[in-house]
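Notes for the one structure printed next.
We just call them A, B and C in the order they show up, numbering each chain from 1.
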Amino acid sequence: MSETAFLDRVDFAARTGEDPNRGRAAEVFRAHGWPTRADEAWHYTDLRASLRSFDLTLPTHDAPDIGGMIPRTATPKVIFVNGRFDESLSALPHFVRRFDHRAAARADRALPLVSLNAAVANDGIQIDVSGGTDAGTLFLISGTDTPSQDMLAPFHRIAVGAGGSLTLIEVIRGAGRYMHNVVVEIALAEGAVLRHYRLQDESIDAVNVTTALVDLREGARYEAFTLNCGAKLSRYEAHVTLSGPNADVHLNAAQLLAGTQHGDITTVVAHRAPHCASRQTVKSVLAGSARGVFQGRIEVAQQAQKTDGYQMNQALLLSPDAEIDTKPELEIFADDVKCSHGATIGAIDPEQMFYLRSRGIPEADARAMLIRAFLDEALEPVTDEEARSIFEAAIDVWWQKGVL
Amino acid sequence: MPAVTETIETIDRLTDGGYKYGFETNIEMEFAPKGLSEDIVRLISAKKDEPEWLLEWRLKSYRAWLTMQEPNWARVRHPRIDYQDLYYYAAPKREAPKSLADVDPELISMYDKLGIPLNERAALAGVAVDAVFDSVSVATTFRESLAKVGVIFGSISEAVREHPELVRKYLGSVVSPGDNYFSALNSAVFSDGSFVYIPRGVRCPMELSTYFRINARNTGQFERTLIIAEEGASVSYLEGCTAPMRDENQLHAAVVELVALDEASIKYSTVQNWYPGDAQGRGGIYNFVTKRGACRGRKSKISWTQVETGSAITWKYPSCILQGEGSSGEFYSVALTNNYQQADTGTKMIHLAPNTTSTIISKGISAGHSNNTYRGLVRIMPKAHGARNFTQCDSLLIGDQCGAHTVPYIESRNQSAKVEHEATTSKIADDQLFYCRSRGLSEEDAVGLLVNGFCRDVLKELPMEFAVEAQKLLAVSLEGSVG
Amino acid sequence: MLEIKGLTAKIDDKEILRGIDLTVPDGEVHAIMGPNGAGKSTLSYVLSGREGYEVTGGSVLFNGRDLLAIEPEERAAAGVFLAFQYPVELPGVGNANFIRTALNAVRRARGEPELDAVAFLKEARSAIKALKMPDDMLKRNVNVGFSGGEKKRNEILQMALLKPALALLDETDSGLDIDALKIVADGVNALRGPRFSALVITHYQRLLDHIVPDRVHVLASGRIVRSGGPELALELEANGYAGLEAA
């Protein structure tokens, strides 16, 4: 299907709802089209070109069996199958309800994929943790199995009230050929805490573009880690705004890519209030002819004095054909701040390899050990044991794929 | 305690109040009519009595320029430039001087005033100077002594006449006319600039220097500089720039090309002090410059050092193309912006060959309402086995009305390459200021000292002659003279 | 020389000095001892004019001049020198350059001629020799990459060259081994004379074995709670500070 035909379908889908916002969102997206490298925000990821081989459609409603994609221990849980909420598989706690998508649409000229989601989103959940309560752990699981080249566009809204807290573990798995265009809005009230752990392990033929829009009020804390190892092309784009003083964000990520995978992690941390801290550690491990991208901007507004911003991104190239492109950015308008970023790119240190092997450790194990050590710092915010075991398992599976 | 206010005042003194090169010189000038067309390009070429190939080259560049768009990706804002409202050719009316004795005394006295004596006896020992006035080379000192060792140093117009084979071979070979909007414009209308050729195995016996002076009003400035270092040759080249204080903005779009062959080395230093505009942001030079060096030879080396304190807008990315195995590129930069100045400057290091190395040290200082951006690219291509890059970008903010930005692009396509990048942004620490003051330094001296310390890794790369000027520019008293 | 009367000061609304009365006559060295948090460092910072300390009452006269009314560099020019407990690092600023700039600023303010680089180096080298410091001390950046002991010795070097009338030594002995301690003490003793006074702030007796004070004061909870001769330091070493706050 041509791009125009797809856009027409988006228009049609947007207009069939009662919500005029959807039609407007479709127009905003149509005016921009799929992002290309000409968009500075997409400097290293040409989504239009990547989608050329796709015959994107909007979803129909068959329900595959995704039982194998759900972690056994997960409960309470919210399950999405092929981008739709599945009530029979889910075990909802009282603070989660199915989201009325008509309230979700919100076009954004600067974020075309958000506009597209706003035009066609037809499912999602709303999480409302009330103030002062610890809501424990919630799993949000997305299983997809479709050969129909659907574009799935769920929209989720997460709100944690003042002083409340939640641990959210997201697991995204799939089989087949499809595109996921996910938008997650997160609002953390005064003193709220959200621990957000996300594993993106989509089908190797899929495209996953996820946009997280996070707002932190005074004293709120957002502890996040995302691991990308699936998808032919993935982009995880997080916009975190520190809008109240003394808020604190820890936004870590890692990607393990092989074959011809393309993984893009793009973050914008906007300091809009004084005395906030942001820390980021982003690691890419690239095998085969995979291409990793990291773009990370720290913005400090004029009023955001006493900002403490730190960002480190590191890439390990495991093969001669792998490529990493990184663009760490500082944009600073306040003077009394401490901001820094660092980037390193290289191969596994041959001396470390030799040291391990001279102690009798086989080469493959030595590599695995050093790569695991390389990832360790990024995993630091994952304090939840269940989440950690999910990530460890995903990393193990990655070794077993024989990419090394 | 208004520490910040006082600090800002200090910086005011460093940059704005201190612009002592703002005078005008009365020289009879010849202008071509305003505006740009094929006819103007032909006229410039004819005035310079150029060979046919060069005219064709200019015309091709002009036609390419017509199809291009002014770049808009830099973090700079300015009103639209009306390219038809500029003069593209201005030259002193007198005949080109045959020797220093023929140079207009008015010009000599102007350069004296700038501290650039053109009289060889009074000249700085060991520095040969090419003086470029409104894009026309008006005098070159020490030509004879340089010629004895085979070094060619003079204006590029002269080189077109006397060494056409060299110019034809290398002109546009590093920065092609179509490279970008301003290089296309420059290629069409460049008026003059310096030409340097260092023959095989020769270490240039003295520092070479070009002193650029913009004087004429409403006149675009388009110099073209070409430096070639043959196998095993080496040269250190310095460039200084000043302009009168004027209310309107003035366009300066130069192109500099460097070529280093096997084991050759070129050190290119700039102290850029074009008029920055006044405290309200009126006037000042738009400095849109393309500088690039090609390390063509094995183990060749190109080193850029710049101290940028002038210009209303700076758009400049001195770069190195590392083509020769084991070649190395360096970029050392201090950019200080104040009032409403905007600087978007950095470098590109393109690693094409194995074992190439590059070092980038950038120090940005923002004060007033200015914006100061480091923008850089490090690209490691698949064949650059064992390539290394180290980048350090530091920004200092003085006052809370300015901006400091860091935009590095880092791309690696070779597993065995190693790239390291670090960037920091901060202000002058209160405890450092107090420590200095408790030892008796006034606050402004303390700021000067600390700013100078902040820039030290760059300043120490400058040749002595320029280090002094640069340090003065940064309000430094005796850093580097002891120890 | 130094006359402190009823000095009170606070940081961030927290009262640290609660009425200090202290007189240090010309030529005398006084020690200030006291437990952590007593206000010892605050006193030295207030005297040298650091920002962030709000003087809420009292007066400080230095040779008859109101010390609290003038800027830190004016106090330095007047002859006050603070040897920092934690000397500050100045990256990129050469030590020789720094000290010479400071020395000439102070000399200018005192109406004395400035020293040129040669004369300065001569003086600096002899001071370095007297203080048994390595020659490269001058070439390095101010306190950058210095060990704790080197930083303290660098403070003493600056003091030796700036020749203050009043030295405030804020726990200069902390982190020093016995050899370095002797060097520091020698540096102070070399300046002793009728026109030099010092306030030696310390936790421990051991520095006072080498710099024998004329008087010892005990600072606790922002007040001088006891004063005595050198023997008071020995007594404190034996019995600790317990019970002094009530005294």
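Convention: contacts are C-beta pairs under 8 Å (C-beta built on N, C-alpha and C of every residue); 3 or more make two chains touch, one makes a residue touch a chain.
Here the structure is a predicted model, which is why all the values come from computation and not from measurement.
Novice: Pick the chain whose C-alpha centre of mass, unweighted, sits closest to the average of all protein C-alpha coordinates shown.
Specialist: B
Novice: State the chain with the largest centre-to-centre distance from chain B, centres being mean CA positions.
Specialist: The chain farthest from chain B, judged by C-alpha centres, is C.
Novice: What is the distance in Å between the mean C-alpha positions of chain A and chain C?
Specialist: 56
Novice: What is the distance in Å between the mean C-alpha positions of chain A and chain B?
Specialist: Whole-Å distance between the two chain centres: 43.
Novice: Please tell me the distance, in whole Å, between the geometric centres of chain B and chain C computed from their C-alpha atoms.
Specialist: That gives a centre separation of 48 Å.
Novice: Which part of chain B faces chain A closely enough to touch in the complex?
Specialist: Against chain A, chain B makes touches at 4, 73, 380, 382, 395, 397-427.
Novice: Show which residues of chain A lie in contact with chain B when the two form their complex.
Specialist: 40, 43, 302, 305, 315, 317-347
Novice: In the complex, go through chain B and note every residue touching chain C.
Specialist: Chain B reaches chain C through residues 1, 3, 429-432, 434-443, 445, 449-450, 452-457, 477-483.
Novice: Spell out the residues on chain C that touch chain B in their complex, using ranges where they run on.
Specialist: Its residues touching chain B are 48-51, 71-73, 75-77, 81-82, 84, 87-103, 105-106, 109, 117, 120-121, 138-139, 141, 158, 162.
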